[in-house]
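Following this line, the structures themselves.
Shared between the two complexes below is chain A, which pairs with chain B and chain C, respectively.
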Partner chain A sequence: MTRNLGFLVVALVLVASLCEAKIFNPISDSHRSAALQLFSVSDGSFGSLEETYEALRTFEVLGIEKKADTRASTCATVVDTIGSPSSALKDLFQALRVNGILKCELNDEAFKGIMSRIKDAINDAHSLLDYYYSIGGLMLIKDQTSEVAVHLGDADRIFRSIKALSQGDGRWRFSSNNPESSTYAAGVALETLAGVVSLASSEIDHSLIATLKNDIVKLFDGIEKYDDGACYFDEKIIDAHMHQGSLSASSVVVHGLTAFVTAARGSLNLPGDKISGLAKFFLGIGVPGSAKDLYHQIVALACLENSRVSVPLILSLPATVLSVSRKDQLKVRVNTVLGSAAPPLSVKLVQIFSSGSKDASVIDQELKLDPESAVHVLETLPKNVDVGKYIFSFEILLHDPEHKKIYATGGRTTVPLYVTGVISVDHAEIAILDSDLGSVEIQKKLDLSGENAVALSANHLQKLRLSFQLTTPFGRTFKPHQAFLKLRHESGVEHIFVVGSSGKKFEIVLDFLGLVEKFFYLSGRYDIQLTVGDTVMENSFLQLLGYLELDLPDAPEKAARPPPQPVHPYSRYGPKAEITHIFRAPEKRPPRDLSFVFLGLVLLPFFGFVAGLFYLRANLRNLPKSTVPVTFAMLFHLGIAAVLLLYTFFWLKLDLFTTLKALGFLGMFLTFVGHRTLSHLASTSAKLKSA
Partner chain B sequence: MAGRKFPTVLLLILNLLSFLPFLTISFSPDHPTDRRILVLLDDLALKSSHSIFFTSLQSRGFDLDFKLADDPSIAVKRYGQYLYDGLILFSPSTDRFGGSLDLEGVLDFVDSGHDLILAAETSASDLIRSVAAECGVDFDEDPSAMVIDHTGYAVSQIEGDHTLIAADDFVQSDVILGSTKIEAPVLFKGTGHSLNPDNSLVLKILSASSSAYSANPASKLSNPPLLTGSAISLVSVVQARNNARIIISGSLDLFSNRLFRSGVQKAGSSYKYEKSGNEQFVTELSKWVFHERGHLKAVNLKHNMVGGTDEPSMYRINDDLEFSVEIYEWTGSSWVPYVANDVQVQFYMMSPYVLKTLSTNEKGLYHTSFKVPDVYGVFQFKVEYQRLGYTGLSLSKQIPVRPFRHNEYERFITTAFPYYGASFSMMAGFFIFSIVYLYNK
Partner chain C sequence: MGRSTTSKDAQALFHSLHSAYASTPTNLKIIDLYVMFAVVTAVIQVVYMAIVGSFPFNSFLSGVLSCVGTAVLAVCLRIQVNKENKEFKDLPPERAFADFVLCNLVLHLVIMNFLG
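Moving on, here comes the complex of A and B:
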């Protein structure tokens, strides 16, 4: 239940937004171009027979000539379907429907063949759709050929068995074993019953017709209504794929209803406002976006236009925004739903409600008909209409009293109107006041229609006053919806104040003492911006008046911080600045030459030592004479030289382990040869001493 | 009997075959465009009144699944697998979704990298507001507030309340709005929102003019409205860190056939555009949100020593290295080289030591070379590429940097020659002295 209610509210909001201005325009060229777009031809056909029928029927109603290019291929499909003994009842029905429009060449034999099949189908029909397709098929055969006599012998029985599916509230079930009742089914049933009535060979029982009429009235009692007067039939069974919403349900009901009224030839007392409400519902959809919806909308409107119930007339306004400065005239057009001309009638402006106040002024003024464009024109707006929002209420008066039975005018039509004009802005001035005395420190006049650049300065003990006056072209005070004073600090913090009106004048006084907290104690330059605008003000403006240099006290510690300003997105996403690593500077070293000089100095003592040896006449006379000691002495010194060489190699390239290994071997060798040499030398010198 | 069975089997195989291309082109990292989209509507009439938008999506190969927002069979996830790649919420007044979907469900859907289009209206439900709030967008608290602009409205013969706004303050981003400039203003009718300043991912795409304000047009203003001027965002997008994309619009009518087809003349200008910019705007935006554009991938992140080709396991300080990465952009059907001059690499250890712009060969390869800093530790090559509208790239590769080994320092320093000289002269002296001392007489 809540779900359905929710849906209802949604639908209400939706349609309310779609036809907000409560003006329902009749079918126009935009529907025609949409139809050509939506029903697209691919491979020479519109698709299935059902789609073809929908396309052709829509084109027929809208008066679009586009049969020739698809006719050949479609007719071939129609003849195939009708001729084939295995085609389903539904396909036969669709083929006959298409044939009804295209008038393909079918012989009477074909008709006779399918007629017997259809009659058999009627006899074993169980569901509503079986009846619908078969009765509909018979109706179509009857329309398309005069050679074949189509009669229903047992019309009463068929009527009763269809009627048995009806529900108490005027809705129908699709079949006896499906308990869900549907409005869509009601429309289908009405159309089927209309077929039964017109095919009946003898008159149908009057009491049956009477109960059916009663059902229709009950069905209309359950109609849903929007605020703007549009009516529709709600469909509870919603299937996302079939999309049997309220549009298709309402369309099918209208179709069935008009068919039934035509067939039964009796009068049916349905309220005219519900019929025009239905028309408003279909028109309120605008231009649907799907082919099926367009078909349903157009077909329903065509039924309403040609119905015997009552033909709704639609009052529409080409423009609801009227400018006083351009001297726009109020124009009203009355058409039928499909946009064809209305019968002779006159339009009367009955009442004007001003949207601000509750009172309505009664006008009762007849609009003048411009016969060439068929537009009713109100040449001058009534005297008491100033700029503002109004609701105009119109009435349609039919000239011929006979027409009142045929046409539904839908009573009064109310239309919201905007009367716009140029508002004059005068006596604009800005001033700085001293707080306690209220004396004027600086006062500057402003020209709000031109450029302004005032430069003011104030401290927290002073006040800022801005005042101006707005008058309508008729000299009355005007109060706009938007009158904002904006102070914008250089850091981006904004403060907005609504400029209020006192009597004739608009005035705002900003006492900075009370505002320091709100201003976050931010001193500095504030830009002053004034925005005045309204829906009916043609010269709405946004103006920079200048700037104000504010000197506010320093913020106490606990004061609120100004809110963060949004970061500009472009700056957030740009590339970052490049970073290069700064390498450690290499150690400072003395120049090469200096090192070489010191190298030379360091080597000097060695040369001094060598020179000293020469000076002292050093000799090697103590070298052993015999072979074995000499060999050992030579090996000893070579060993020392090898150790020193090893050290050099260690410096140049060897690592510690190799060096120590080599040094170990060399050490052992040196110990051995050194011992031999030194002991030889020692024994020699001992011999000398003892000697 | 067998004759009848055969066509059935054939049909089955054909059916399976027809699914095959569908499976291969569904969403994957290598094919990031969304495919299956769930559309939740308040009313099925929207399907027809917004059909141009839906048809354009379908003609681009998206598989739309329309459901009423309160349909009890709604499920976006089954057995831990998401059934859809994208979600369109055209149900501004829904208080509760049907089925298993709820606020958390929608957020989880986005958190797992899926995309969302959300359209609200005046009197949007709390559910829709909280979805938007989670994305960093706050709609006007007043449910009846609309964006009104008395100087930037669309001139109309029948709508005089200045709530139909001709907005032309677009974000400057070719990747989001396409490279073709949107000439005609976009018609907007609905509620405005502000962006949460703490959220750095949300971005204003279409903002109101400075004279706009958000208020209830039917009632008099006594307090200043909460949202005014260009701070009002009309349409915003979010690109989450996981590259999920979201569009939030304050107007459902923005997507409608009526405004798509409508002409537009901005107040104060005498030029009337035949067609509003809505269709182009919405189409381009939907291409972006469903990853047909602006989706980047980076592959083949490589580095090596100058002159080498292999990737070393470690660098030494002061080495010269070469770095390269390939970046490609998804066009909706294939990956093409991405060309830009602002891709940067960082050599990063707690903070970037080197940040360098990469040069490109215009074929997707970005490369550069630099010297490893003289600081050792565990570094990362980092490519952080965040650009307006593009998916973010965030790559990193770890690489240790070691100091010099003991034998890699400089030997034979000239400055030390006096010391060397001293040692060797000492050694030579010792050698000579040992001979002279032993054998002198």
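Moving on, here comes the complex of A and C:
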């Protein structure tokens, strides 16, 4: 069972990887819930002003109302930053951006104050980011108040000094002393120049605008492309601080481009497939995992949606699995990237590629628009579409010729489709044949849609034949991805055979004479299992057909042994067999009373010894009389007693090292007092002798 | 008749032995008594083992060897202390006793270690 499931999974993965076409869906509610999760509020704010702007802008584009709970604290920060004379240019810019969304109460004096600071900054600016923050700041001031007149007198000079940072391939440098060119910088520069153009008091030199347009075309020439049509700008320099990757670079370029086209009011001839490729790139990311990525994705898509360059239209399918038995209709939806309605258009099914074969059938069939749900429906599938995997190719046709300039349809859109259906299984039969003559011994019909329980018996001179036919609802022969016959012996040994097809019929013949070795000469009962499965087959089955009683010859001595059956993987987690400890039987102990009797007996000789001492009139006369020697003699005996006591403790609980340490000290003491006592005795006896 | 003569002879032999032993100095007699005490204790332990079996064999060995070792050391002490032995004439009995005490302490350290 698990093995069959494994086959199915492998098959699905293969199918998925073989399809190069990919479906891009417009922004949906999953993005909205992701935005609410990713931009989390802590302590009444989103974090820094930059993060706050990103969160607010994302929410604005997605139409999420979530300003009230952070407004008070954020506005306080904005007023602080703008009012403070020491805040950096970048912080001023971010504060103005946030203010542009939140519309905090700022007086004109504050705007005038920072405007003069920003104008000073423009004159001192060296790097691209200096220009970006200051020009961007002026733009924001212009948008936010009408009281303060914002103009750039020397717009031509600023334009030229920014343009001086551009590179030949359309990319830009961040500053004149940084030789590395970056796509991200190009986006930033475009946005800054858009600001310069719209702030200029007199019109900018046309030749400058023309060269810039030329730069943009060059930048788009260097665009990278995926197989599925998605385009993106690659970013070579990855800087951890700036968080620049392909996503942010592409997003900033789109932002800058749309800002520039809006400001310059000119037309720009950019290929529509690259614009829709960019849209596919941003949509192909799905729902990003980080707040920064989500901001870049959403902002870029919002720019594309409202751009004057061309608005990409995205063709998406609510369902890519169509069931023939349920009579599903092919439905296609066309939206802009953010999911709003498309202009009047019709969708045409151009070609159908059958997977596995290269040939395509040209259809050229227009889909019918359902005006209520704004869904284009193909009411009946083309005649040559049967159960299987296909790649459909669609084309979007705009009704109004004027719209062709505004919208980018991205040419043909290819979509992988699964057409599923119930496959009928007919003429299923199982038979035992005689090997020599080929005559049928037993033959049984099978009903593969219901239960089967055949009981067959065969020996090694016979054959087993299983055959069936598969037809699609349209009456064509169906070839499933998997058709397996499995024989499973009682002992768990399994044999799997692939059922091959010959023309219309699926048939397998097992000649047991040639299989005895493979079957390890195992006679007995074999369960027969048939698996027929495919991703597009709605009634894929794995069925037990019955059993086969096989009578095989005895194994010769050198025959291979059947392999040991694998242990069920879950049994590892089951309870282990209980461990019973076997202890050695305790030694036989003597009766307690007998031991006590002998304890008494052992003491008896001691009493005898004491009695003998009395009998012999032993005495302590030799004990010294004067105080000092008596003390030493007493200490000597006490020392011996102490050593013996130490031995007792050693026996009862101490270890050898502790004992030897204590014994060392006791031994020194004992040697000293013993020497004093015994030498005193010796000198006394020597005196006696000499006297 | 013969039997009574034999017993008489034996009696005479014991008598002479007893009288000869009586002249032994008291300190040697005390040592002899001590040796006897040790040997009898050892014999009692052997008998006990013969009755109940040798299960804690190391304990049994320690007990018996303690007694036997003490007895041997005591015999050595007796040899050195005996004035008849000209060999140890220059050796003071106090020195011999010090040896005896030291050897006993070392012996019993080993015995205690082995006792288990």
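Throughout what follows, the second predicted complex is superposed on the first by the 528 of 691 C-alpha atoms of A that agree within 3 Å, B and C clash if a C-alpha of one lies under 4 Å from a C-alpha of the other, contacts with A are read in each partner's own complex, and residues count from 1 in each chain.
We take it that a contact is a pair of C-beta atoms (placed from the backbone, for glycine too) under 8 Å apart; a residue touches a chain by one contact, two chains touch by 3 or more.
This structure is a prediction, so every number in the text was calculated from the model and none was measured.
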Looking at the overlay, what does A:583 touch: chain B (first), chain C (second), both, or neither?
first
Identify the partner contact of A:536: answer first if only chain B is touched, second if only chain C is, both if each is, neither if none is.
first
Regarding the shared-chain residue A:565, is it in contact with chain B (first), chain C (second), both, or neither?
first
Regarding the shared-chain residue A:76, is it in contact with chain B (first), chain C (second), both, or neither?
neither
Looking at A:634 after the superposition, I want to know if it touches chain B, chain C, both of them or none. Which is it: first, second, both, neither?
neither
With both complexes overlaid on chain A, does A:609 touch chain B (first), chain C (second), both or neither?
both
Just checking: does A:440 make contact with chain B only, chain C only, both, or neither of them? Give me first, second, both or neither.
neither
Please indicate which partner A:575 is in contact with in the superposed arrangement: first for chain B, second for chain C, both, or neither.
first
Quick one: chain B or chain C, who's touching more of chain A?
B
Is A:623 in contact with chain B, with chain C, with both, or with neither (first, second, both, neither)?
first
State which residues of chain A lie in both footprints, the one left by chain B and the one left by chain C.
589-590, 595, 598, 601-602, 605-606, 609, 613, 618, 640, 644, 647-648, 651, 681
Interface with chain A, chain B side, in the complex: residues 42-52, 55, 66-68, 70-71, 93-95, 121, 123, 148-151, 156-162, 171-172, 195, 197-198, 200, 203-204, 210-211, 213, 215, 217, 220-225, 228-229, 231, 253, 257-258, 261, 318, 342, 344, 346-347, 352-357, 370-371, 373-375, 386-388, 413-422, 424-436, 438-441
Residues on chain A engaged by chain C in the complex (per definition of touch)
587-591, 594-595, 598, 601-602, 604-606, 608-609, 612-613, 616-618, 640, 643-644, 647-648, 650-651, 656, 659, 663, 667, 674-675, 678-679, 681-682, 685-686
In the complex of these two chains, what residues of chain C are touching chain A?
26, 29-30, 33-34, 36-38, 40-41, 44-45, 47-48, 51-53, 55, 92-95, 97-98, 101, 105, 108-109, 112-113, 115
Using the touch definition up top, name the residues of chain A that touch chain B in the complex.
3, 6-7, 9-11, 13-15, 17-18, 20-21, 23, 30, 238, 240, 243, 245, 247, 285-290, 292-293, 317-321, 389, 416-418, 420, 481-482, 484, 486, 494, 496-498, 531, 533-537, 540-542, 563-567, 569-570, 572-581, 583-584, 589-590, 592, 595-596, 598-599, 601-603, 605-606, 609-610, 613, 618-623, 633, 637, 640-641, 644, 647-648, 651, 677, 681
